[in-house]
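Letters A, B, C and D mark the chains as written, and numbering starts fresh at 1 in each.
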Amino acid sequence: MFDFLLETLSVLILLSAFALMANKRISSYIRTFRIQSISIALAAGIMGIQSSQAEGRFDFLIVCLLIVALKVVYIPHLLHKTYANVKYKVEKDFILNIPIMIIICCGLVLFSYFALASIEGLGQGLLNLQFVNSVSVIWIGLFFMISRKKAIGQIIGFLVIENGLYIAAMLSTNGMPLVVDLGIFLDMLTAVMIMGLMVFRINDKFDSIDIDKLNHLKG
Amino acid sequence: MELFLPVLFQASVLLYLVGAIISVLLRKREKINNLSANLFCMAASVLGAAASIAKILWHEGPLGIFEAHSTIPFLSLVMKVDNISAFFLLALFILVFCVSIYSIGYISHYIGRRNVGLFNFLYTTFILTMILVFTSTNAIFFYICWEAMSVFSYFLVVFESEKSENQRAGTLYIIMTHLASAFILVAFLIIYSYTQSFDLYGSSGALPEMSKNIIFLLFLIGFGTKAGLIPLHVWLPHAHPAAPSNVSALMSGIMIKTAIYGMLRFVHCYLGIEQAWWGLLILTLGMISVFLGVAYALMEGNIKRLLAFSSVENIGIILIGLGVCFIAFAHEQVLLGSFALTAALLHTFNHSLFKGGLFLGAGAIQYSTQTKDMEKLGGLSKRIPVTAFFVLCFSLAISAIIPFNGFIGEWLTFQALFANILPGQTGIDILLILAVAALGLAGGLVIACFVKFFGISFLGLPRSEQALQAKEVPLTMNISMGLLACLCLFFGLFPLTILTLVDKVILSIGGSTVLGELRGEFFLLFYPLEIAGNEILPAAILGLVLVMIILTLLLLRMFGGKYIERKYGTWDCGYEALTSRMQYSATGFSKPLQIVFKILFRPSRKLSAEGEALCSSEPIKYTTTFSSIFEDFLYSPAAKAVKSFSKKTAFRIQTGSIHNYLIYILVTVLLLILYNRFF
Amino acid sequence: MGLLLQIIPVITVALLFVIKKNRIMHIISLSTSSLLLIIAAYLTGQVILYGTVEYSSLGRFFYIDALSIIILDIVLLIAFMVSIYSVGYMEEEIRLGKLAKRRLRIYYILMHSFLFTMILALTVRNMGLMWIAIEATTLASAFLVGFYSDKNALEAAWKYVIICSVGIAIALLGITLLNFSSLNILEGRLLLDWTALYEHAEFLQNSSLRLAFIFILVGFGTKAGLAPMHTWLPDAHSQAPSPISALLSGVLLNSAMYGIIRTVAIVNRNEGSSVYTGRLLIALGILSIATAAIFILTQKDYKRLLAYSSIEHMGIIAVAIGIFSPLSVFGALLHMINHSLTKSMLFLSTGNILQKYKTKEIAKIKGVLKSLPVSGTVFLLGLFAIAGTPPFSIFASELSIMISIFQEKFFGLGVIFILLIAIVFAGIALNLFKMFYGEAQDKNLQPGDGNMPGTVCLVVLLLVIAITGIFIPEGVKELIIRAQNIIIG
Amino acid sequence: MNNLIYIFLQALTILMLAPLVNGLIRKMKAFIQKRQGASIFQMYYDLYKLVRKGSVVSEVSSWIFKATPYIFFASALVAAMLVPVSTIILPKHIPGDFIVLVSVLGLGRFFMMLAALDTASTFGGMGSSREAMVSTLIEPTILVSLFTIGLISQSTSLSQIMLTVQGAGFPLAHPVYIMVFLALLIVIIAESARIPIDDPSTHLELTMIHEAMILEYSGRHLALMEYGAAIKQLVFMTLLVNVLVPHDQIIAFTGFLALFLSLLIYFFKILILTGIIALIEINTVKFRLFSIPNMAAFAFILSFLGILQYFILGGSNV
């Protein structure tokens, strides 16, 4: 029953990644990201309950709370603020048109399946094809960064990668040791804050957050 | 001997070190600094020269001098002297002695203007590195010294760095020589990978046949570049003129010979000659260098560039000897090979003397006129007569004119070729005959070239104010040139003195003696030189010439009575306004040959007159420029191609768009995953 | 004692928050770095005596062995030099008005937290923590890269953060897989524990380990500046303040490479051969060298040129690790040391040049030797050194790497390797040497290199690399050999 | 000691004969042109006259200008010592071989060219630069042809060569020798500044080479230069006739009579050669300066074909 839930969630996460890919507006990026984070939090919570029943570990629950606090509440809010502050007109943000990008993403999913299929012991117990889903979320996140021109888009992409990583870690190995998990959260938080700060600065200097304008350093 | 000789060598090396250190310490006291550094060099050279002669005459086999091992793997300093090293060292020490005397005077015009301390430091260490190159027994240590030599000489080349052409010359030089030494390094490492040792005196038995050929080619490229072998010579005519003249004397006199040493040491002694085509290749390249080198020299208007090109030619002569030697050894004809080797070694020695002298002479010209441009010189034989006389001697020597030492080398080379032409090896024979022809043509061109060099810059009327104001050079400079001139004459008259040394050297590397027994009752007094039944008596020839001159004078006195002389202006067709601009210019002198060999120089001329008609009385400007085939068709296109390629790719890769950068990462990951799946 | 290593920087940062006066800040930073250096020396002694330094407290968290102490020593030595140099440099910057007085505080805070993260990365036992520390280095140095917050600096910083974070994220995936591969062998508290992983390397699950290696290689490779993930490096190095460029190039790259080496050790042990990792490392290494060579041949900006040369040297190290013979690993470690010292020296001297000429364009600079007698000379000699000219130390390490390549009879590789290095030399000579000679354009440029203590540092470094080119102290050699044994086993 | 005497003897022979040869050539030309022509001893008279005159020296010039005539003359004489006029008085040890010969002549030429430049006159420069060209182009031919003959007799010493060739009976019938003969003929014409390479009898700046170089000379200096040139010419002629057409093998008996006879034959051969040269001079016109290279190339090809013949015929059995 738990496994079933987790599977659905992982599929949901993958779908949310696709949805993100299909989004046009920054506001909708953030919304989709929030949804994704929520589902991750759920997954963490489920695993937390499971493990607390089984072996009385609580770290997952803590992590779950952290996710809710950071990825569901704080970071999206931060991004919203940033997005509100930069005077930013709606304009075409992506380099390819959406259908093609979706197709490429499908390709990435296939590829990550192909990549991970070599690992023996895949598909038994907890570690089933959810792992593939979550890894493909990483690639999609990376591709999202590639495909979006605006700074915020890139931040989101990075966050999606983080999500993918996190879910992968959680599903494949029941999560890292708690210290590591906390550390990762800390890092991610600072990273996002720094990026956000830089977005402001870029906005001042280049009076746009279109990072295609950042192309002076060549050769 | 065993105990005494190494100490002598060590002492000389030590003295160089001390000289270097002192010249750094006495940075402020420039006069003393200059004096002390050069005196140390002279003392060291005397010791060294004595040691090397003693080594060759009275000691067989390698002589250990110094050995030290570092904590870094494969870094060990092993110095040994065997006869080859000793021979090259002898040439080095003799030249260094003279050049150091010269420097005392020559460098004096730096005092107050440039950092003399730095110069002397570089000068001394440069010599030191050359000594180490000749004595190092460990391949890696050899490479290190080789590189150090290049670097120090680079700094000397760019010493007068305010001129941008010097900087360019230096850069070209350091780049080419560094690339070349990369080839040498590869060769060493291939050797190591088979023999597991860097010992130069070790055996190359473990090397497979194929790899030997490759190694030979690597060495040829590596050392050929240093030697200025055409088509790898392009750095030479730029670098040698750029350096201060005493340094260019060392560079042309000894440094390019390190390459000859390398070929001997690594190809002849270490690898051992197996294929005849090695020799053929060297011989062919030598011929090309001989002809083109002197041809380009003849066209030069800049005295030091002229001398530099002529170095290329002389290296060519040496390589012809070396090539013939390799061919002969490949056919196991030791005696014939030894002829050729004798010729090569002797010419190496002689060239270091007269080319060194010539560069010193050029330095003297520059010292007294501040110009290297022949079109600005002229009439110097009246203003600096002593220098003029010595330069004349060197010019005769390099033109292989009896009784100077240049001739002996030339004669031996011809004898070597002659002896090696054996019926039944048709291809090689034809090549050898062509070599004879090339040497002949070159001989003619050399005479033309140095008649131009001496005649234009020392004779006639001064072509510029500087030449008119030329001031006599310091005594030391003349002394050193005189010394070299005497040596040139001495070794020209009594070649046996040096040939006995050469003979020992060749015996020590598996050759056989070439000095036949001496015949001729009366002429024995004149030290005949007898090779393969052909004997010459340079001393006798000189004696006869002198006798003839005296006789002529006497007879003239008898028949013609007293000699009456009337001073008068040069015949001016009644025009009565003969100016210095009406005499033949350097360009004009070489014009006929330039037209004959148009194909080589592809001269481009420009006539420009202020007036519209060329026949008007307005001054007319005639400029003609030559271009070197290799620089135009080989090097600059290659350089351009590489540059543009690098520019293009650089901007294709580092586009400045972060998207591309992320794509790189993604693609890399995907590729590596593929690798993981398939391997 | 060892824990001080991690505590002191934190304290320093905390102090710097409250201090007002610039002079005191200088003093604090100086004293910190010197203190750290002393501790490092002590620890080195410990390692030489006992092999490793570890504390059972805090869950086996602190761990130093020969490998990490070598790199740690490099880090702290260079940090020391840099903090000496920074005093003069920063004062000059403030004098020139390129910097507001109050920003010195930020500079030092960032610098020391950067230092802290790097020390952390080198002193933890747990791979996960190591990952965190390395990611943290990026974050700490991001604002240092964009310190002069002009357009270019900002651009460089942005690219730096984004690319490195993405790369490091991929590394995290690798770590996860590493963890996964050990799930059935190690119990909870030993998870991701390097020593444990290394001891049980044979039993780890091969397939996932291989995959893990790939991701870690790409991830840490990004940080170490291996082509084609190197793209952030030239921008960051050229835009950062010169002392920071010195830190980035001399220290950061090494600590990333350290992560790769640790992983390689595990994987090769598990594989029983170095073929799998070797192929990848050599491929990426040669690619990096080639890229660097191409870029150096026509480079207009001297700091960028040096950055590319860092890429080249990282490539060399990668190749050496790929060969994975005792000699090559020895060479690699030696090369890490030599490269860091030489490169940081070069970057520091570019600082002087930059302050004198106020431009990074090579074409606009003439007569460095006249206007900066000492640091100009150091720079020129340093260029020869970095290009692998004997008798400087870089040559020694490159030599042993080359020999190891030929020992394995990889002739093609060896030839390409040597040729590329020669080309790099050609590029350096072609582009940079013209800076040194002639006369500076603007006549009112008074000769003499300011920043006395900094210049002294330069000379000291030059002496060090010149001497270590001829021989290295027994102790250092001993350490390196131990590290080599740790890696090869 | 004998060697010395022999050498001086043959130097003396050539010294005596050289002006006469010039006279002969002039006479023959005159004869063919149906002119009276000057006496064959004219050159002796001229030399005597010149020797007695004082000489004008340009004040621009340096010591080289005055030293050159003596060096040139002496070098020509020494060259004369190296080429045996007859194998009857052949010295055992000639102090040099043909490489030395070339070098010794080079000494003279070197100084002559310098002296021409020394007076800062345009003519001098012109002369020496042209001389440089001609001599350069002709040099390979000399060496290769001499090498060919040297190879046949496995020695570079001229005396040795002559002895060997005498053994070979009547060599001129042989292709190798024919080629070499023709090549050397051209060499002689070039070296002795004759039509079609150069024209000794005019002073037209468009054409002159040798004359331009000695234009500044007068008095005894001029005499020495002219004389030296004549000797040089005879040396080359001797080389040609004695090496390629040896004659002493037909002399049966020995002693002074033999010597006399051999010298007679030698003189006779020279006579014929002068005839040939005279004919060439009559029947050709002076070439353009820049068609000289073609002629030189032709000469070189002849000599090279010669040596090819030698190889084709398998070397020794010539």
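The criterion applied here is as follows: a residue touches a chain if its C-beta (ideal position, glycine included) is under 8 Å from a C-beta of that chain, and two chains touch if they have at least 3 such contacts.
Fair warning: this is a prediction, and the values are worked out from it, not measured in the lab.
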Most distant chain from chain C by Cα centroid: D
Centre distance in Å when chain A and chain C are each reduced to the mean of their C-alpha atoms: 31
Between chain B and chain C, centroid-to-centroid distance (C-alpha), Å: 45
Geometric centre distance via CA averages, chain D-chain B, whole Å: 35
Geometric centre distance via CA averages, chain D-chain C, whole Å: 79
Touching two or more other chains - residues of chain A: 115, 118, 142, 145, 154, 211, 214-217, 219
Interface hub residues of chain C, defined as touching at least two other chains: 158-159, 162, 166, 170, 210-211, 234, 295, 298
Chain B residues counted as touching two or more neighbouring chains: 647, 650, 654, 658, 662, 665, 673, 676
Chain pairs that touch, as defined at the top of this document: A-B, A-C, B-C, B-D
Partner chain A, residues of chain C touching it in the complex: 59, 126, 128-129, 131-132, 135-136, 138-139, 142-143, 146, 149-152, 154-159, 161-162, 165-166, 169-170, 172-173, 175-177, 179-180, 183, 188-189, 191-192, 205, 207-208, 210-211, 234-235, 238-239, 295, 298-300, 304
Chain B partner contacts - residues on chain A that touch it in the complex: 95, 111, 114-115, 118, 139, 142-143, 145-147, 149, 154, 211-212, 214-219
Residue ranges of chain B touching chain A (in the complex, touch as defined): 647, 650-651, 654-659, 662-663, 665-666, 670, 673, 676-677
Contact footprint of chain D on chain B as seen in their complex: 378-379, 381-382, 385, 388, 392, 396, 399-402, 407, 410-411, 414-415, 418, 421-424, 426, 429-430, 433, 436-441, 443-445, 447-448, 450-452, 454-456, 458-461, 519-523, 526, 528, 533-537, 540-541, 544-546, 548-549, 552-553, 556, 559-561, 563-572, 578, 580, 582-584, 588-593, 595-596
Residues of chain B that touch chain C when the two form their complex: 70-75, 140, 143-144, 147-148, 151, 158, 161-162, 164, 167, 170-171, 174-175, 178-179, 182, 185-186, 189-190, 192-193, 642-643, 645-647, 649-650, 653-654, 658, 660-662, 664-665, 667-669, 672-673, 675-676, 679
